[in-house]
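There are two complexes below, and they share chain A, which is joined by chain B in the first and by chain C in the second.
Right after this comes the complex of A and B.
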């Protein structure tokens, strides 16, 4: 039901070491966000895009479709960053509205362009991680990074329950549709409310039974899962170090020396 | 083409454009990479005390009632699922609710802060809403500020004995609006190139208002419906959830 989850289990990079992928995505992401330069962003966008599509085997069209997911936010906030309403027109563009101007300055235009590229590049880093690494592997990495056990355990449980609840919600929604539950706006609101409360009740009952089942299997506060993690490969670590150092030096150079 | 035909054509293309550009209206997650590094860290640090409080409260509850862990996890999954379902909107665009107001009313704000953090992480990884670097800012607006306001208003309405439905509606809707104001503030603090901070804030508020204000109202209505449904069909379960609330 969750497209990204399906794609990442089918990815060709799924059996690479999770730590490598996590480190690559997060370090590149940090450099990209810190550098605030269009050139760095373009490099990151290209590299992570090529890695996800070519190495990971994500269909190009799906990848592009996913890149449009945050577009609504990007579009609206870019409007706010670029356009200003002022008494005096700015240098790039000015549309008079009554005695005021809807206006764009060169500075804010360049700033907005840089922001769009940085944001898209950052999203592509995030996609590299989520298109190649299933959530349980990421949790394993978090656990090794000394994230409190209570948190990782909660996350693991929540991750499992999400799919149970999604399935339940889907079944309820289907049966509501069959019974004309979305006939007009009022009924669809009411149906959604019913769905929410029924879902909560189901979740509650399930959680009780689940705990009983866990306890019957000697649950003592820790869930042991066998992880099928491959050991890290030296070659790939060297590649990651070389790429990120180069990217970092490039970003520093763009920022301070050009 | 006659004049009327032209007008219809123009109208339909405007509609197509608006819906084409905004295929989905999410609750306002700041997208990955949209905040400069310094701001990401600052908002993250600001979240820490709340998260620590939530963490300790959850740990204390679980130490006393170990069996509540599945309930807690189900609640987190519930918030995730409720926020990933399409809610009915007037214009047929697809939008999602935050679900944190509902969470705050049901489970109390301290538990929601931790659950919200986890939900936001999963939303970033599985749905590409929000992001890893902006998770601090998003946690502050959606899992801390919004729920605390919702919780406060809910308690206040209970104290002054306003109609329960109205109280729940106000709590959820105002919590949502507060989240949206905080997000606009976060964006304005980070991005004001040619203008002052105040002007930037007004601009961000204005740009997001058309999508966020109706969304807040719908979220309020749906929250009332869900809580009413629960109170009709699930009294004993609600009492058990009270466990999560009491441990503060």
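Right after this comes the complex of A and C.
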């Protein structure tokens, strides 16, 4: 998660208008998921990949590594879709188990492939968003989309304090290790428990102090902050409209006319 | 220097948990407008508690506080009015910065004052420029160094244009470069007519900088006076475990040895002392 955060702050697309990036990622994601077509998924995968790597400046290897993160999970879950237990074997593969068959048909195989590609393409859309848009910018878009303030404010605070929590946990763990806190299995288990409780207490203290500090700046129950968004560019909006319309038409054609 | 009393505390008592240990134990003091006041004293002597009382975050169990002659009231409206006039920069910036974006962070306080977004934008840009935050304004808060976070936390408060700024150990855990930077900012604040209250453990800095020094001891004011008066009071210093400033000690030794004339005004900083020594040396030619 921290790696993604670092990448997105260094992305070349960081200063593009957040609304554009958000709209592109979400609309493309919706078309891709609803189309249920391998071809559409492949196009989306290619386009978001090219945008993230070539336009955004994400190193190719890191991008591919990030794409493999959900792969293991995907394979395991599509196995269930691919294999059937039937009395009669299907056309592609059949393993006899007693009087039944563990069997794969061409249909179910293609369906599984399509699922994997669609899921990967969907993930790549979200990666595109998270590789190019810092969280505060995304929150700004959500705010404009009338997302309840309670949610966006919570996300704002959580995003900031995740890093402090990790830093604190890291510091405590280091100091535990310096005092042989992970000498054997038993001590490391104990240390881990102590770390958890210490973190809990610190988090409480910190939240109290943060509240004080916010009150001292006239906090009135709502977090008001200025947005610092770059103005949208017409050219980019036109590109997004053209691409997503074309993608949509392609998806409709694949689904109903081919 | 005006003699108008901007902040007054009378007989404050405050205890965090029970009635036996008091963080503030009958504390009384007066702060005059435009002064640079250093608060010194051991950890746990009540400095931070007093600061939190000043901004109305903590309410003393007994005693009176008044700002510009008006007694503190603790309803929401009065507190907001008070806090728009008294700003506090906390010791640990991580307790103060709640936004990941520097720009949004700084805009929080001023928007709470009810200023229009356009005006707020202008003010925020101004303060970012003024405090030299521009080089890292686009970085997320968690990627800033300690000194940069401090700059942002000062900007947070300065953008609200308070009459009093409280700095709780601003130089704690800063490198020399950022310490100098913070000191420079503090000097500019006083020039702008802001009353600055600062807690510090740095005797030499307090002696060089402050108009007044207040020594805290066990929740009470042990000594309050000009920097010179307080740092001459050896008894009070030893009671609070403070050493006299190096420049002052050296000056006194030089006077005792007859190298410097003891009628000279005690120097506030090393440069003045050096000048004294240069000037006193018998001319070679």
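Simple rule for what comes next: the second predicted complex is superposed on the first by the 238 of 258 C-alpha atoms of A that agree within 3 Å, B and C clash if a C-alpha of one lies under 4 Å from a C-alpha of the other, contacts with A are read in each partner's own complex, and residues count from 1 in each chain.
FYI, a contact is a pair of C-beta atoms (placed from the backbone, for glycine too) under 8 Å apart; a residue touches a chain by one contact, two chains touch by 3 or more.
Note that this is a predicted model, so its numbers are computed, not measured.
Student: Using the superposition on chain A described above, determine whether A:9 touches chain B (first), chain C (second), both, or neither.
Tutor: So A:9 only meets chain C here.
Student: With both complexes superposed on chain A, which partner does A:136 reach: first (chain B), second (chain C), both or neither?
Tutor: second
Student: Now for A:122: first (chain B), second (chain C), both, or neither, which partner does it touch?
Tutor: After superposing on A, A:122 lies in contact with chain B but is clear of chain C.
Student: Let me test your reading of the model: by the given contact rule, A:238 touches which partner, first (chain B), second (chain C), both or neither?
Tutor: In the superposition, A:238 contacts neither chain B nor chain C.
Student: Which of the two partners, first being chain B and second being chain C, lies in contact with A:157: first, second, both, or neither?
Tutor: A:157 contacts both chain B and chain C.
Student: For A:73 in the superposed arrangement: first (chain B), second (chain C), both or neither?
Tutor: Touch status of A:73: first partner only.
Student: Is A:50 in contact with chain B, with chain C, with both, or with neither (first, second, both, neither)?
Tutor: The answer is neither, since A:50 touches no partner chain.
Student: Return the chain, chain B or chain C, that is in touch with more residues of chain A.
Tutor: B
Student: For A:182, using the defined touch cut-off, is the partner it touches chain B, chain C, both, or neither? Pick first, second, both or neither.
Tutor: A:182 sits against chain B, while chain C stays out of touch.
Student: Should A:214 be classified as contacting the first partner (chain B), the second (chain C), both, or neither?
Tutor: Once the two structures are laid over each other on A, A:214 reaches both partners.
Student: Where on chain A do the contacts from chain B and from chain C line up?
Tutor: In chain A, positions 5, 135, 157, 159, 161, 164, 206, 210, 214-215 sit in both the chain B and chain C interfaces.
Student: Spell out the part of chain C that touches chain A in their complex, as residue ranges.
Tutor: 52, 55, 57, 76, 80, 83-84, 87-88, 90, 92, 94-101, 103-105, 107-109, 111-113, 117, 120-121, 124, 138-143, 156-157, 160
Student: State the interface residues of chain A toward chain C in the complex, per the touch definition above.
Tutor: Listed in rising order, the residues are 5-6, 9, 134-136, 156-157, 159-161, 163-164, 167, 206, 209-210, 212-220, 223-228.
Student: Inside the complex, what are the residues of chain B that reach chain A?
Tutor: 21-26, 28-37, 40, 55, 58-59, 62, 66-67, 69-78, 80-82, 84-85, 87-88, 90, 102, 106, 114-115, 118-119, 121-122, 124-129, 131-133, 187, 191, 193-195, 199-200, 203-204, 206-208, 211, 218, 221-222, 224-230, 232-234, 237, 240-241
Student: In their complex, what parts of chain A are in touch with chain B?
Tutor: 2, 4-5, 26, 29-30, 32-34, 36, 66, 68-77, 79-81, 83-86, 90, 105, 107-108, 111-112, 115, 118-123, 125-127, 129-130, 135, 138, 148, 150-151, 153-155, 157-159, 161-162, 164-166, 169, 173, 182, 185, 188-190, 192-201, 203-208, 210-211, 214-215, 221
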